[in-house]
Amino acid sequence: VPDSMPDSMFGHLFTTDELFDATSDEAWIEAMLEFERELAMSLGEAGLIPVSTATVIVEGSTSLRLDATDLGRAGRRSGNPAEPLVRALRKAVGPEAARAVHLGATSQDVVDTAAMLVSKRAGALILGQLERACDAAATLADEHRSTVLAGRTLLQQALPTTFGLKAAGWLVALGESGVQLHYVLDRRLAVQFGGAVGSLACLGSDGPRVLDILTRRLGLACPVLPWHADRVRMGELGSSLAVVAGAASKVATDLALLAQTEVREVVAGEGPSSTMPHKRNPVGSVIAGADARRSAGLASIVLSSMAHEHERAAGAWHAEWATLTELLRASGGCVSAVAGALCDLQVDPGRMRDNLDQSNGVLMAERVVANLAPDLGWEETSRLISTAVERALEGSTSFVDVLAEMAPIAELRTRRQLDELCDLHTYLGAKDQFIDRALAAHRRYRDG
Amino acid sequence: VPDSMPDSMFGHLFTTDELFDATSDEAWIEAMLEFERELAMSLGEAGLIPVSTATVIVEGSTSLRLDATDLGRAGRRSGNPAEPLVRALRKAVGPEAARAVHLGATSQDVVDTAAMLVSKRAGALILGQLERACDAAATLADEHRSTVLAGRTLLQQALPTTFGLKAAGWLVALGESGVQLHYVLDRRLAVQFGGAVGSLACLGSDGPRVLDILTRRLGLACPVLPWHADRVRMGELGSSLAVVAGAASKVATDLALLAQTEVREVVAGEGPSSTMPHKRNPVGSVIAGADARRSAGLASIVLSSMAHEHERAAGAWHAEWATLTELLRASGGCVSAVAGALCDLQVDPGRMRDNLDQSNGVLMAERVVANLAPDLGWEETSRLISTAVERALEGSTSFVDVLAEMAPIAELRTRRQLDELCDLHTYLGAKDQFIDRALAAHRRYRDG
Amino acid sequence: VPDSMPDSMFGHLFTTDELFDATSDEAWIEAMLEFERELAMSLGEAGLIPVSTATVIVEGSTSLRLDATDLGRAGRRSGNPAEPLVRALRKAVGPEAARAVHLGATSQDVVDTAAMLVSKRAGALILGQLERACDAAATLADEHRSTVLAGRTLLQQALPTTFGLKAAGWLVALGESGVQLHYVLDRRLAVQFGGAVGSLACLGSDGPRVLDILTRRLGLACPVLPWHADRVRMGELGSSLAVVAGAASKVATDLALLAQTEVREVVAGEGPSSTMPHKRNPVGSVIAGADARRSAGLASIVLSSMAHEHERAAGAWHAEWATLTELLRASGGCVSAVAGALCDLQVDPGRMRDNLDQSNGVLMAERVVANLAPDLGWEETSRLISTAVERALEGSTSFVDVLAEMAPIAELRTRRQLDELCDLHTYLGAKDQFIDRALAAHRRYRDG
Amino acid sequence: VPDSMPDSMFGHLFTTDELFDATSDEAWIEAMLEFERELAMSLGEAGLIPVSTATVIVEGSTSLRLDATDLGRAGRRSGNPAEPLVRALRKAVGPEAARAVHLGATSQDVVDTAAMLVSKRAGALILGQLERACDAAATLADEHRSTVLAGRTLLQQALPTTFGLKAAGWLVALGESGVQLHYVLDRRLAVQFGGAVGSLACLGSDGPRVLDILTRRLGLACPVLPWHADRVRMGELGSSLAVVAGAASKVATDLALLAQTEVREVVAGEGPSSTMPHKRNPVGSVIAGADARRSAGLASIVLSSMAHEHERAAGAWHAEWATLTELLRASGGCVSAVAGALCDLQVDPGRMRDNLDQSNGVLMAERVVANLAPDLGWEETSRLISTAVERALEGSTSFVDVLAEMAPIAELRTRRQLDELCDLHTYLGAKDQFIDRALAAHRRYRDG
């Protein structure tokens, strides 16, 4: 019955339908069968089995219906789901073709190659979401080049910056986070085919030739060697997924902070709260935050499971399967949630300006100090400006007015000079150059 | 269709059917409905709603059928699955009773209490498996008190010990690992009921009374305060599950090492290998090893998600749900696999003795050094014994024969004294006292 | 030269001087020597070596000066620092007493017992800081029982609560986080003494008696068995330290959020910013946040290193030493930073009230909905109140004024009734009862 | 006094002297001063300060002696060590030049750039050790092309393979693990220079020009934008270090397993055991195993600390410093220990052959099954061979002799055919082709 589907609930909450499906039991089983299918065709192409036998295997595997729960339970005896799958496939194709099924291969070849195929497809979905997030960030960066808001360090207003420069920072982080994942998907997801101990013993000297055909047919990268006990690929894949989630979680964090009731510089989501209609819950950020936390922890499982014993590990290999499944979902769910939040973002430039003005202009203290220090000396300037900042924060007088009333300062600078010094809009440094650099890098990346 | 059930395959491979079911979507949904049901009954008992209304809610929630995928998808908007569940329940009970549904509660109350209920039930299954593992270890400890085998440090034979003492070590580790989990299940799994910000605002001064009734009805512990943003419980639960898996993984590692082809002191599993019938794959250890690796990583997600913001976290809370589900499965799967391996263990005392004899008796070097040093001085003794060890390891002469042929030693000790010094069976220290201590502790623990 | 002391810089930045010293190389070396000293005295007390020899060893170990770098370098050959330490001690006491040095023990006995001694002392410092933090939280809880501020969920203002109730939540979390650590320090830090394979072989049947004397002398717990390959203790210690840091990091996060420029309900630190004198950096929270992140990750190393091979692990044991050192520092540094921040906290009740008023009273929507729904029906009420919330948020009219102007509502409730419904101070639920429960629990805990 | 140097003991035990020094407090302080020095020179080159002032700063920073403990303690107030360092530098250069010190920069610029410089230097040492390990693995792969040993899956002998092919697997894993680290060191370690909020506000439009000069002077990569709150670089660096350690730990695990007393196919280390002279502790593997466990956990801290708030994180940034220091040491220590073990490895081909022969030739069952199945049918063949395997394992008769005595088999195959089928040396698949591929890839990589 549909309501007993395990792990659909949190599964669907924290990732997209597409990613859930691309990493489902069905997707894994299909990828394992695809390995067997293409292996049969490769053996046929290499002349090691009759093409007609290969065709029987292809047909048998295509019509085979396997129950995931049964495979899991059977796998408790063999230690992996490929062994019962191969048994079922052999049974399905009849005794004649059965001998050619899985020829030269071992269970790990099936599961590892399936992991690569699943990752390749799920990974492409993740990169698609990342591109969507980058595009949205690029639009924000360009549109809000001059939308002034407070730059905040340690959660304290520090200096003015612009929302465009902030979004440019998101853009670069998101874009660069995908470089390594793209590389791994494209160059490092390799077919695994080595037989029991990695020598392709039962294919004699034909092994590498079959490996090459199989590689071409599956559209994966060709490994230098069978990599059954070399988990560099898995470490790279796992950590590149966590890095993408980490980059997206930075954006999610910023959005949730900007959306706080007391800040409300953006509205990032419309999570319904029937009992509290005034809330604008940043649900995308929330989901992304959960996914990113999970991604980092799941990646650590992969990274701490790289020491595989001899020619097949007794546990470390097996720890990868569910972990990779969850990691693809979590990192992709994270990026997707952030992409959605950026696309729907409502920006409130007025509120940004209001929040800056709350501090009565004291954010310009750095500039004023730098300007006055040559004349007044560093210590005296620091003392004066600290006093001015305190007065401005305590009362309702603006920072520039306080400065203008301080004798040692008024003697040195005209009111107009002070007004210029305290003008937020002229203290934004290289924001336009930096935004342009970010947009140019984005275009380069998109155009390949 | 059954074959598309997500996450059944790895789910069932790495845990028991009972644990899979106890942590399934269905179990979570049922636990959430149970919260609503018992909350209604508690409100009725407290006189805050009519008992008849409570009954309507109980009946409505009992017959309600919810689709987990739908809840997950709806949860993407609200950020949690409780919000759509409550909506569905309100709809199911009709407009009259709807107002009493979820009264005083917030979504986090539902999900957190459900997490406690799910953990309590799954945790009991895990403790049951742990007891099974302990019983098996106790039997081995008692039966093999005097079965001599090599004690190994850094994977090198060091001194003789007995398989009983080794099993006693497993027994104590497994038994003590459950103490903290038992405590957490019994005393720390508390009902969560605080309303939107933890004050039970809309129940006025009646809140704590309803909390007490609800606590009693649900059979959970009563918290000092609503703990929505205090995740000490989750940290304790997560880490106690990882500790149990860690203790079990030590046993799994030992079994896999003892079962190695070249050691073969135990047979721990019969994983079928159709193409390699000579293999005796330690599949239980393999599954336990995978589960333990996952448990440690999953626990780290819980431990690194304890900094919840204000009265409800924006992500750190949400990271707990799937993580806890997987952690219960993985740690329980680990213990169960080890329990099964211990129950079915075939011990080969002859092979243990043979492996010891491979080194021609040099393991007794420590004792001989200690015995001769007072007479020959430390340095001279060390030099002599190192030479003797080398000779015994190189050739086919036993260590005691080599010693007997060395003049400085032969002058000081009779052949009979040397034979006694080199007798493995009299160099087992306090193994019986230690085994008795372990068995006594096990009995104390079992008898509560 | 002092300026080349390694790891002093980040070491001191992120923990207290006391904790740094309690976990320094010197502390480790002293604890290892203490093991040897008390072992000699125990052997003397048991009549296995002359008391005069024990005294020579005590004196030799007390005056011994060891260079930590040299021990580390020498340890690269033996795999641990105890082996060169024992060699040096033997040399220092002369050939006669040398034979009695380390008698019955193995390197792991030295390092493991030293780890327990170091943890016991450092742990006591951590609990002391935790008590300091709890006391400060208790004071805040009591003093600010009725200081109204916004309760915030998902970083959105949700309902009013009081700062006292918030501080009571911190108090309970901090207090309960220490329970497990206290238990571990008190009951689980056990002496390790088992000889090469855990049988105390070379002491014959005297082993357990020496173990008991040694346990008493060192003031540690007595293990059922030597626990060289049973790492449950380390798992418990590591995770209880991470839980304490996790609880403290929740407080740190809240303080940093409350201290934000736009919120400024507290001032939590005075980090100097020479160029930005207006900033009030929440440095304690920042340090605590860093320490908590590190604590969770370091604990995961301990939890994922529990599968020790046979009678001594080939790597998993060795991973514990530096990790435990850093974990004691990080978790203690976290608690200390939070304790400091709480002690020095400046609370601004006026600003809390102002921030609540920013939303023009819409936080009371939940209460108004609950009050009107019986008369107007759930859907109609929801619709009306959503409209009212929007109006109040958009304009300058207060929520209660908007309500009073809505005909269907004005017909049902008098202005006075509406004023009462919208009075924040009467919608604080059971805050006083809850605060009293928290303070009572704190007193119980403090009084033992 | 030298013996109180903190963290030297474990520091030196688990890494090389070179790596310890390259990541010491002194190295960090020198890198921070280098940033200030080169910033001054860049400002001078850009014409923003007099070159003579830059020279004064260079000289002042060169002769400046700072106490790491003092910096750490002072850093508790400011939250970082750069602030007191800059204060000290300003004081050292006199009031005139002080104004030009640190101009345009913020504390994070100093610490982040120093982290890059420290990582670049330490990373080069790690890559050097990795090359050493690869060279040793390549030599083993070539020399032992035909040295037959058991391939082992799940720690059970599976099929014969050769030690050369095994070493080729190590070679490829080690070599490929360095690709990402090399890329990160070369292309991703970028200068950080953005001022308080990343706009280089106080340099006006000159900022990017100074950034470019500074980049050139420091020999680091140029970022698209200041990356103060974009931690993709740190995630990439941390995980690439963990991947390298993970690859090395696979080799360490294999060596420790091959060196087991009962296997003893290699001797991998000579750790002294004064009381047990027969042991050959694989100390290099032990240290590498500890380092790899720590590396994975430390990397997880970096990966879970990527969500930096706004323009500077309140804790997540600060968690990186000590973590990165330890991670560079641990991953480098891991690779170095493995390199040393491979260079000194003693291989025992005779023992490898003996271990294979222990199973009386049953490892060839897979081949025999495949050969007979076409004639006897799959099921009948499986049944027959299982029986034959059991007989060979139980008794002292070799597998080929058992086969020759089984009537259905003897009818189909001559003794000579059976001898050929059971000859291990002709069932090694494509081992030579694969070894050649690995060696060729290694040469390509070395030649750039």
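Letters A, B, C and D mark the chains in the order given here, with residues in each chain numbered from 1 onward.
Note that in this section contacts are C-beta pairs under 8 Å (C-beta built on N, C-alpha and C of every residue); 3 or more make two chains touch, one makes a residue touch a chain.
Here the structure is a predicted model, which means the values were calculated and not measured.
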Interface with more contacting C-beta pairs, comparing B-C to A-B: B-C
Would you kindly state whether over half or under half of the residue numbers at the chain C/chain D interface are used by both copies, giving same or different? same
Please compute the C-alpha centroid of chain B, do the same for chain C, then give the distance between them in whole Å. 24
Could you state the distance in Å from the CA-based centre of chain A to that of chain B? 32
For chain A, which residues are shared contacts with two or more other chains? 79, 152-155, 158-159, 196, 252, 256-257, 271, 274-276, 281-283, 286, 289, 292-293, 296-297, 300, 304, 314, 366, 370
Contact set on chain B toward chain C in their complex: 79, 90, 95, 98-99, 106, 108, 151-155, 158-162, 165-166, 168-169, 172-173, 176-177, 180, 195-208, 223-227, 229-232, 235-236, 239-240, 242-243, 246-247, 249-250, 252-254, 257, 289, 292-293, 295-297, 299-300, 303-304, 306-314, 366-367, 370, 373-374, 377-378, 427-431, 433-434, 437-438, 441
Spell out the residues on chain A that touch chain C in their complex, using ranges where they run on. 150, 152-159, 256-257, 259-263, 271, 274-283, 286, 297, 300, 304, 355, 358-359, 362-363, 365-366, 369-370, 382, 385-386, 389, 392-393
Of chain A, residues touching chain B in the complex: 2-14, 17, 20, 24-26, 28-29, 65-69, 71-73, 75-81, 83, 87, 196, 252, 256, 270-276, 281-283, 285-294, 296-298, 300-301, 304-305, 314-319, 321-323, 325-326
